[in-house]
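Below you'll find the structures, each written out as structure tokens.
Both complexes shown next keep chain A, but they swap its partner, so chain B is in the first and chain C is in the second.
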Partner chain A sequence: MSIMNLNSFIYMRHELVLVAVILLFLLAEIVVGSKNKNFTVNFAAGLFLLATAIGFLPIPYGEMFGGMYQTSEVNILMKNVLNVGVLIVFLQSIAWLKKDENEGRITEFFLLIVSTLVGMDYMISAGDFLMFYLGLELATIPMAALAAYQVYSIKSAEAGIKLLLLAALSSGIMLYGVSMLYGANESLYFADLIQNLSNNPLNILGLIFVFSGLAFKISIVPFHFWTADVYEGAPMNVTSYMSVISKASAAFVLMTLLFTVFKQLSQEWTYALYITSVLTMTMGNLFALRQKNIKRYLAFSSIAQAGFIFLGIIAGSQMGMSTVIYFLAIYIFSNLAVFGVAGAIFNQTGKESIDDYNGLYKTNPALALTMTFGLFSLAGIPPVAGFFGKFFLFTAAMESGFLWLTVIAVVNTIISLYYYLLIIKAMYIIPNDQPIEKFSSDFYMKAGLILATVGILSIGFFGGIHNYIFDISFGILN
Partner chain B sequence: MDFQYTILIPGLMFLSFVYNILWGRTQAPKIAGLIGTTSILIAAILSYYTAYQYFFNVGLVNGTFQAIIPFKMEWLRFNDLLFIDMGVLLDPISIMMLVVVTTISSMVHIYSFGYMHGDDGFPRFYAFLSLFSFSMLGLVIATNIFQMYVFWELVGVSSFLLIGYYYQKPSAVSAAKKAFIVTRFADFGFLVGILLISYITGTFDFGLLNDPNGAAMTQGAGAGFLGLSVMTWALILMFIGGAGKSAMFPLHIWLPDAMEGPTPVSALIHAATMVVAGVYLVARMFPLFHIAAPDAQQVVLAVGGFTSLFAAVIAITQIDIKRVLAFSTLSQLGYMMAALGASGYGAEEGIGYTASMWHLFTHAMFKALLFLGAGSIIHAVHSNNMTDMGGLRKYMPITHLTFLIGTLAIAGIPPFAGFFSKDEILVALHQSSHLWYWVEVVTAGLTAFYMFRLYFNVFWGENRHYHHAPHESGLAMTFPLMFLAFMAIVSGGFFMFDFGQFISANLVPYDIHIHWDVAGFSIAVAVVGISVATVLYMKPSAIPAKLANAFGPLYKATYNKFYFDEIYLFVTHKIVFGLIARPSAWFDRHVVDGLMNALAWITNLASNSIKGVQSGQLQHYAMSFVTGSVALVLFLLYFMTR
Partner chain C sequence: MIQGIGLHEILVVSSLMFFLGIYGFFTRKNLITILMSIELILNSVNINFVAFNKYLYPNMMQGHFFSLFVIAIAAAEAAVAIAIIIDLFRNIKTIDVEKVSTMKN
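Moving on, here comes the complex of A and B:
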């Protein structure tokens, strides 16, 4: 336990900067008022860009509050990736926020998102289950408010309440699990638990309940049922945020927990991950096949992707961990490209059915192309980044001896190819008498889409990225 | 000296491609052309500067040219030993190729302003030109075989796009397909060769592979197949890839058809740059060919020598001017290959290597000149056939003069460039193999004959009654002609006794001499060829037709390119399609598809049967959550206590 001084608050830079951002949002709302939309969005986007940039400055690593809070190079990397993702979400939301229906509530959107982001950052840096739980709740409760952002839409309200109730259940079960861990080990510090955790039934109960709570956030089958309803009901940009940022952070945290706190129970959690991973990939794909609504479609696609993430975690190696982070970064960019295009179309035309995409290439080739890159990446088609992500995931799983799991994953990749190509077919091949008319998005949307596309196209090509992540990752073995 | 800026040479072309393909259509066509041309001109200046710095300042260390790798990054890592880099390799031949590619490409970019003027796809054309230049430059500077392969395929794709540029024309589309399929087929050999080499030596890196004292020279020498070592097989397979790109016999059939593309494209891709990729590949791996697998080098010699004679014979009877030039390209590429095949490793014995690269250089200049001149002629008379031409020297003085220079250069008349480089090739062959020496001497005579046949038919002869009087092309088209004509004069004699100072197989500068015994004879042969052509074609006469009649079947076989297209068609249609493809298709349709359909049906059924689970009822969701957790716990406890 290190002695704390004020200097060590620098470790908490990401969270503190975000809190400052929140306060400045509030201050701007009071001083400028909600009428000046342009100022509000520019201020928010600019401020967040600054916060993102600050995150990339070099920083020392260490722990605070007697080990309740800790940072490492890989934690910081994940926080930065999340920041970039949120920045893209912001850019893609601005056109929608400026609409009359959101009059006077623009700041609220930014505020809620940054709040959840603070929660995720604390969750990532937690060194103790209490801290972890606080972060988790902070990341969840504003999320329900975000899902219900369109208060006058029944679907949005329904999404909010469904998320809130199920999140409460999930938190309850998770806390139950945490209490069991405490009961068995008399400590909630990760550092203590790493030493003491043995495979007695109480610890296994604790493991599974904590796992369930996080699996709920990552939408792992059978904890996933909220996903489709909430994603469909929530506004497009909130859905995008939930499916990308929230899921990525939870997946990362689950992985670090399993690799550190629960590493003595690796045999047990390997079983749990194996079963849920197969279920998740398969169910997600089977459901995605028959969706007509683009949001529900993407909900199930993101469930299936979560199953793939487990391939890297289950590998348990350094390669596995680095690959999961790599895959998460690619997943964020790919999904944001797809969601961005869907959002741009929804804002412009209010259409969100897959049939409406017929003939999109004829009228809006740039959007269709961006969407294609995103879908190719999700499907794992070379040469876009998604291919490298999946390639490394399969390699990691194979290296650790999970042959059959990899085979199942490959089969699922083929199934997923079918429904990802459905949209491509709709955009390029199927003729349409009344295609979505040609339109031009605003500057922010374009910037957001370009950022996402650059990510998709560049991550795969710069091998150094994966090597860097590999160097700062750790496996379960050491 | 820091060469990091060299990454800009391909980089600029890539940016130009991205810009033109995305935004080219949205603005005036001229902008696209200007962006492409500016980029390639900057790239050319950077290349010249690099060449100057390398050859005159920093390249030579202790009397040997060193390889410089100013930029390199790891791209894909398979394991600790085997990984793929992307980088820039600067050594004499890669720098020479940079100069060749950027020079020709610049001229073609400028020329296309005039030639493609008013074409609907102007920005698309420039986008593809940039893509091609980018790929070719990337290929040239590759630090390892795999990078080369990646760009090799990109070059193939951009060539496909450019040949099929007039995609409304069925013949252009089928020519593009033919070129792509034939080269792709050859690339399969290349890929297998790469895999074999990486398997034997555990590396893709040129530096490690080509080190004459390195491990790669002996690895793979042992285990053999059909009497040849594994390394020999690997290199022969790689050479098949190179033969496909360089249109060596019997993979030459795509090049004449590729003339369907716009003429500037023929000049850039099918005369000066892409088709020499195969020669470049062999030159790049030369130490490996020469030291580790002399048998493979013999294959290179035989294929190159035969191709040059074979193509020259066909060229005699063709009447489409671009096709004559295409076959002459084949023939000249054969020279380069043969020179590599006959070369030793250093000093006087290694003169074949130097000569091959020199001929690559001079040939790029005069052949691009000839093609662009042909483009200028076609532009004026709207036909490719020399039977529609005649007497053009009065209408198009600049085209006439520059074309004559190009023709003299290729015919091997001093002091034009082709004479010097071809002479060195003949010297190299004279040293090592008399059979192929005589073949190439005959070919030299044939070359002089068919080129002057072309020249006289187009520029002399009777005056046709053209629909409208042909007129000289604009400056955008004549400037590149004049520049290249200048190069066709100086790139031989000007560098005389110097080219060996820059490029040699063992990287040690060597003084090359002119061998007057060989040279005098070859000049005499060329003069004979020219004289025969003059007699037959300068004035309209009935002799050529009589000769054609007299040779009857032989003339017809040559005119039909020895029926190679028909043979390929027979093999593909009757044998491959009929005996292999059709039964496979039946199997595929009835058995494989049936299985797949059954799988799809099952997947659909499964998807259908579970859709009720997603009920929208919160209680069900919560129930599933709890059940899931409990089931997992029970499962694990069961396993743990077992």
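Moving on, here comes the complex of A and C:
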């Protein structure tokens, strides 16, 4: 812990760049005004591309504010993955933002998304529960405003208020746990907690409350009730942002918390995660089977995916952590491909029912193909990255001796195949007299979809990616 | 620190407040009262932090600062929540949660 100097602000590069981006958005809004749509979207997408690129520049790692903020190679990697994901979300949402219904509110959308991203970055880099809480709230409150973005729509407002109230409840529960940890350990610095946390009841209670609070954000099964409604009510692009970026960051943070702060209590949390993981996979899959609306369908699919993510966390090894990050990256790209196609169709036709996808391949083969890649990846079918993600997750769980959990996960993968293939069947096989007409998306949407597809295909084929993540990960044992 | 009252009593009060808040959150029908229930939860957390700080670790201020941040963020949360509630009220003229549910499984 050195005395803070200005040089150490370089560690905070990701967040500072994003804050600068927010300020520039505001400035552009004042100088150019909200009438010039093309300028606004080009400026926003270009600026964010720049911010993403800056994130990839090599930089030293370290801590600041006396350990409240810390970066490591894994943190930086996760932030970069999130940045790329948000870039794709931006590209995919431009066509929708240009519609008349969003007149004069385009900058707002970008502002709110970048604000939540700053929150997630701080949450990922937190070295203290206060910083963690601030990041979490910064990632949550603008998210509710985003969900309620369509002010004229009852559904959207309903999604916003549901998200906000349940997020507030969950952070209240989490804070109660944090207060117990404070009472038992005197300090809230992660570095102190790692050493002091003992097996006493107050700490275990704190663990349960903190875990429950975060489980809300990842929508693990006993805490998943808000997910489907919020996902359905929010605008399509916001839903894709929530289910992909927000979830991935929360899952990553939960994993690092369990692997560092709650390392001493691994006996306790392993069983909690075991049960919730099985419940999450099974319930998510069973509910996904009977959904008719594509957003609700994807909501339950993403709940089921969260259950799979837990496999790697339960494994607790270095392999487990690296596969979780690897799987999250794949999940981001696959889900964005699927959401991108759903969003393109929704923008064009306003349709969001699964039956509307019948015969899509005949009229829009490119979209159908992208959707197929995304769904194959989510289901875990060999040529695409999702297969490798699931394969490594199962391997990690098996290596740590969780045989039955792996068996249940495999059974669940087979169940999930059924409903993922339902959409593929609809697109390729089921005949339809009035399929969605042939249309061409704008440049941004195409770029977003291509980026997501390239991600899906390349992550699987370049073995070096997983090796790199493995090298920078850490297990619970060391 | 209050003479004659130990940490134990304060924690009982804060736990009661916390679970009353949880109970209120799930049983109340009015969005504003649900928001009030959340404030109860957050304030019970504040009491915990301040009490732990005052009774157990009086040399450090971490608990006090944490509760200050919680208060500030609760205000931000309430501001956004009320904005959305007003938006809902303009659309459907009610803030009863049972009427604010257009989506079904």
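In the analysis below, the second predicted complex is superposed on the first by the 478 of 478 C-alpha atoms of A that agree within 3 Å, B and C clash if a C-alpha of one lies under 4 Å from a C-alpha of the other, contacts with A are read in each partner's own complex, and residues count from 1 in each chain.
Keep this in mind: contacts are C-beta pairs under 8 Å (C-beta built on N, C-alpha and C of every residue); 3 or more make two chains touch, one makes a residue touch a chain.
All figures in this text were calculated on a predicted structure; none of them were measured in a lab.
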Kindly classify A:Lys155 by the partners it touches after superposition: chain B alone (first), chain C alone (second), both, or neither?
second
In the superposed arrangement, which partner chain does A:Leu91 touch: chain B (first), chain C (second), both, or neither?
neither
Just chain B (first), just chain C (second), both, or neither: which does A:Ile381 touch?
neither
Quick check on the superposed pair: does A:Ser170 touch chain B, chain C, both, or neither? Answer first, second, both or neither.
first
Going by the contact rule set out at the top, does A:Ile245 touch chain B (first), chain C (second), both, or neither?
neither
By the touch definition at the top of the document, which applies to A:Phe223: first (chain B), second (chain C), both, or neither?
first
For A:Val341 in the superposed arrangement: first (chain B), second (chain C), both or neither?
neither
Set of chain A residues, in rising order, touched by both chain B and chain C
165, 169, 173, 228-229, 287
Residue ranges of chain C in contact with chain A within the complex:
18, 21-22, 25, 31, 34-35, 38, 41-42, 44-45, 48-49, 52-53, 56-57, 60, 62-63, 65-66, 69-70, 73, 76-77, 80-81, 83-85, 87-88, 91-92, 100-103, 105
Chain A partner contacts - residues on chain B that touch it in the complex
22, 73-77, 603-604, 606-608, 610-611, 613-614, 616, 618, 620-622, 624-629, 632-633, 635-637, 639-640
Interface with chain C, chain A side, in the complex: residues 129-130, 133-134, 137, 141, 144-145, 148, 151-155, 157-158, 160-161, 164-165, 168-169, 172-173, 175-176, 178-180, 182-183, 186-188, 228-229, 232-233, 287, 296
Provide the residue numbers of chain A that touch chain B in the complex, in ascending order.
162, 165-166, 169-170, 173, 199, 201, 204-205, 208-209, 211-212, 216, 221-223, 225-226, 228-229, 268, 271-272, 275-276, 283, 286-287, 289-290, 366, 415, 461-464, 467
